[in-house]
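Shared chain: chain A. Partners: chain B in the first complex, chain C in the second.
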Partner chain A sequence: MSQVSVTSQRLAVIDLERRTFRVEQLDPQLTSRFLGGRGLAARLLMQYAPRGCDPLGPENPLIISAGLLTGTMASASARVNFAARSPLTGLLGSSNMGGGFGPELRWAGFEHLVIRGRASEPLWLYVRDGKVEFFPAARLWGQGVYQTRRSLYAEIADPRAQVLCIGPAGENQVRFACIMGGIKSAAGRTGMGAVMGSKNLKAIVCRGRGDLPIARPEKALEYNRRVIGQVVSSKVSRVMQRWGTAFIFDVTNTTGLVRTRNFQYNQLPRSEDLECEAMEPYSQSMAACFGCQVHCRHRYRLASGPYRDFWGQGPEYSSLGAFGTEVGCRSMRTVLECNHLVNDLGLDTIETGSMIAWAMELYEKGILTRADTGGLELGWGNDRAVAEMIRQIAYRRHLGDILARGPLPAAEAIGKDSRRYLIQVKGMSSLHSDERPTPSLALNIAVASRGADHLRGRPAIDLYNLPLDLLEKVYRRPDGYDGPLVNDWTSYRGKARMVMWQEILYMLVDSLGICKFHTVFFSPNHPAFEEFSQLVEYNTGLELSARQLWTAGWRCCVLERIYNLDHGLARDDDWLPDRFFDEPTPLGLPVARGKCLDREKFAAMVSEYYRLYGLDRDGRPSPELLNRLGLSGQLAGHAAGGGQ
Partner chain B sequence: MSAAGPKRLHVIADRCTGCRLCEAVCAVRHLGVTNPEKARLQVQVSEDDNTFTPVVCRQCKKPRCIEACPGQALSRDENTRIMHLEESACDGCGKCIEACPFRALRPDPGTGLPLACDLCGGDPCCAEFCDAGAIVFAAARPGKSR
Partner chain C sequence: MMAAAEKKNRPDPGRQVRVRCLACFARFVPSPASDRARCPACGLWWRLAWVGEDFAKIRGPVWESFPGMEDVDI
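Moving on to the complex of A and B:
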């Protein structure tokens, strides 16, 4: 087993064709420059993925990376990142999950797995105590996630192992298939499950008994207790402990910030059954990811239906849109059943709901008919049709086979006027939030590195109309920004800074392996750069100031952009569909009603965002920026030979 | 309520969220590492079966582990019920581990010696970090409802 240290990271390069692996120790410099998790994964992707490789070909690596603090007991340090070239967008594939896999990977002796090639027959991997073993998975192939887990646990007879697996959607290479960890945790976005399926890799079981040393144990315990207190003392954490992310629905729907019937409305009236209190009859209690005191996941079980024998966890806020407002359904029961379905079949909730909602609008417009849907009546609010469509997508039947290709290829296959109804950026669909009334949130999804995505840079606290001095306390640190900041969420002014700041912060927590609910996402009082600097020092011994962490996050964000530029990203891709500019919101409170985005102001905001980052007018990094971040030579220069 | 005896660890399993922070902090406090295998307590988690059960040393009135120790390596302070393992006297025979009716005692996978709970010297960090209140350090078992 290789030397254990918190900052010198251990990597296993796994060759599925030869069924071999080799262990490497990464240059410790990479840790201070790219940290771990998402940031370092982008760096490894540059190294191991040949530029322009087929996302579903054997040369596209699947890179699994624990965060720098994952498993250390620092505030909710559970997360593990997945990276590859995305089969959904052709750009950066990047997704992370909580649960228990990330910490287990480190106890098993690795921070990173780089999985290369394609197995000649279905396999599962057993990663334990510094070794990787290869086992046949033919009898698991075709099983859903829940059954796969039961089969594997029966086989290994070790309840403390952690299991990652794909469902039928990943096997069938649905372009937005996810990787599941546990029954609920998912690397949902950008189709990492399809990459795993393309490799004939059904599952990865992980079990570790090794030490993860903590640099300054007494200080780490004391400081971590303080940071947990800082997080759980906020009102929003208390609410999440009780209701999970579903709590958001009531306020966003009432305001009129919820994508409804694809993109026709911004509110679903008479949707009381989607509000968080409607979980009461189903929820037994709450569950948490490793080390987390916010425990935002409901544990539920349905009394009837195909999943009556299975426990479920969730639903997230995203599911209330995907299987609620977007498709015009009003039933928590439907949301919970669809939540089971996507988790068991291994589909990204957000993409699945968006694709079905889009198909429903096409059906309403007559662009799709029953001849296309296999006889399915794809009308708004048809709960049964939503569940059936989820199955069609996972098993690639009828229209499901087209939707399974993702937004842009599906629009190309359907043709006619279908593309203009898509709500996507860079080929990836958006959460069910409606950003027409909120310029800052709209900028976030337009520029996010993996396509329309709220978890890459959403300044959610912009919606609170916070006192300006509090907003300044948050957004001027740690680099002393002195440009405009405005605490009015309908404004375009100062919002580029908020998005950039959140992008760098979220890059930091994604690289440390910490959950966004433990940073400035829903609360301005949660930990940010200063606290993370202390957590890194006490847990790893690495002394990085808040300012240095800011620069590291910035570096990693620019690196992700470089990866995208190398794969054809242009300024036009940092943009939103026409509907955001042409169709005013019809419903909601006065502050959200009758709103759409202004093209000129929005373009100016994108330019300001580029300028703040040090990018040129086309969104490309200037030589000065590359030099400053130590990234010279990265642009158009990565891994021509496919790594070492 | 009867007169308070020494403080003990109490488990209220239906409050457990399965986060296993108790396992992490326990090993950090005692050994300066995270490694659930070296924690003095364990949470049995199965999402699939919906079981979330902390298994901790209960500071039993009649400690079978101490009775079973042939070399008198295990002892405790009867006032505080803080256990002590005299490592030089322990040959890792495992009799104490077999004797624990709650299977709360386990061997250190490195040394083979029992991972005896010493209540962190009187302020157990598992309870300190369990905001859900599934592990509580108190003289009497708290009521179930929150």
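Moving on to the complex of A and C:
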């Protein structure tokens, strides 16, 4: 096998129609400009996706990209990114996954797969040692994720291989179907599973025996040890090692920051059985992604019921909202069963829970009736109905067929006053957090590049009321920002900077292939630009200062915005539904109760955010910004012909 | 070299355990291994969970004493 060089990333362009592939080496300059993973994927999407292509048509490529540090000696370097034009939003489709597929892809000889066309019959791909092979998948079609994995592992007889696959939801092109990289790891958001299904591609198996040359292995090891200490010793990591991300629920539900019964309440009182501690009777051990010392994932098993004897992983914080507070259910068991169901059917947890919660509110208001639901009583807290509605969505039956189209098309199909009750931005539903009391978190979901999305710019540490000097230490680096910063999470002042800073940091880690929980997400003391600069140098030999990484992240964020502008994004899309401004929160602690957003102040935040980025008042990059970031010619200029 | 944050957060069985009230942000010392505690500053009652002997966190409120729940029926 050819020697790997991190400055010249390897890409396989796969043609499903002809069942051929060719290997390319990317221009090394692309690495220092767009790094890898999510950032470079946005650049490849501009190159390979014809502008305005049908998201479920053969011309929409599915791009799978390992991060620049994925699989190296940097800890928690498991991440891999999926990109395409989103069938959910029509804008940027982009989703990031942990587990073990990313490192395996690199060991198999590739940093990127660009999958084009549509197979004439179901296929699965075997990517190994620099080659791509094509196999019929007709017998796998229709199988759930668990069964598909079992069938493929039995066939290849190699337990070390990594399997990506879709479930029935992806096959049926549910617009928020996900790609599963294990029984929990998922590229969940923006409908990448539907894109894979539209290509008649059931699975990708990957196995590599190659190695990644580390530029300065001793230094990389020593420095990484320090970074691990920095992460693992933090209090929040200790909590995550015990309870996973579910720990967040205890704080947010207590405070009144949890979307409940769609958006009618901001807290589910007396929901002890959804608190992270309620997982303990089910949890057998904690699992981790490749190269991570935190181990934030419960491995659980249900002793009875329809999923008895299945191993599951999770639940994430998002599952507690999707199948708990949003739909008015108070049972951890319901959460676990629904978690199992969406993972097996290959559905995005957040979108699925949000769509069902929205349908429940419509049912409560008489906009939907039993005639629409196939006879299902869609009342709050009806656990059985939630599980049944998940199946209806995946198999596109009854109301499920309408919900499967995603928020905006579903509202159009249902009509009446239904759109008013949607909690979405840019056509993608929000996590179950309630941002009415928290302007910074609200700004984050309003402006995120792939729709309402906490993972693209959430300044979660804003909720800690940290001392101002600590906040300044974090948010003034590495570019010397000297504008306002405020350590009161109810304030609108100084928050645009926090959101921009987090967006650039998250872009950086998504492009490097590092887990967000190993950077400034839950802790101000976790690694950021300076540490990543060292990790990049020791692992790859690329000398990129903290400031240069900042600029690279900024460039990639602007590039994602350009992609969206090319597909019709306007200032109005960086905005929230009216309910955020008109309906005050009814519950919670005094600090979170009676709160809704102020339109004028919020508009000023959006403007400040644009100004900090160098965007004009409509959210478009100025010529100076494009020039500065080396992106001139990108706007309205991408791949009219669909790449090479 | 150990970072300052690392030193601060290192498990230390000898250190006095303190939790932070989610309502008023005051820090207070709960009795060892107790599963409930009252914030001395604002008077709210909290249920606690213990991460280890040296580290407790708030699990949730004691709902009966949570403010403004009188008419809430969801």
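For this structure, a couple of remarks:
In this section, the second predicted complex is superposed on the first by the 641 of 644 C-alpha atoms of A that agree within 3 Å, B and C clash if a C-alpha of one lies under 4 Å from a C-alpha of the other, contacts with A are read in each partner's own complex, and residues count from 1 in each chain.
One rule holds for everything that comes next: a contact is a pair of C-beta atoms (placed from the backbone, for glycine too) under 8 Å apart; a residue touches a chain by one contact, two chains touch by 3 or more.
No experiment lies behind these values; they were computed from the predicted model shown.
Contacts of A:589 after superposition on the shared chain: chain C is touched, whereas chain B is not.
Using the contact criterion defined above for the overlaid structures, shared-chain residue A:289 touches chain B, although it does not reach chain C. More residues of chain A lie in touch with B than with the remaining chain of the pair chain B and chain C.
Touch criterion met: A:100 reaches chain B, while chain C stays clear of it. By the touch criterion defined above, A:235 lies against chain C but remains apart from chain B after alignment on the C-alpha atoms of chain A. In the superposition on chain A, contact is made by A:159 with chain B only, not with chain C.
In the overlay built on the shared chain, the residue A:184 is in contact with chain B alone; chain C does not reach it.
Once chain A of one complex is fitted onto chain A of the other, the partner contacts of A:570 are absent, as it touches neither chain B nor chain C. When the two structures are aligned on the shared chain, A:251 is found in touch with chain C, with no touch to chain B. Taken together, the two structures place no residue of chain A in contact with chain B in one case and with chain C in the other.
Contacts from chain A toward chain C in the complex involve residues 226, 229-230, 233-235, 238-239, 242, 247, 250-251, 253-255, 260-261, 265, 268-270, 272, 275-277, 328, 380, 465, 523, 525, 587, 589-591, 593. Interface of chain B with chain A (complex): residues 14-15, 17-21, 24-25, 28-29, 31-38, 44-50, 52, 109, 125, 128-129, 131-132.
On chain C, the positions that touch chain A within their shared complex are 1-3, 5-6, 9-11, 22-23, 25, 49, 51-52, 55, 57-61, 63, 66-69, 72, 74. Chain A meets chain B in the complex at residues 71-73, 100, 103, 107, 146, 149-150, 153, 159-160, 182-184, 209-214, 217, 220-221, 224-225, 228, 232, 284-293, 295, 299, 301, 310-311, 313.
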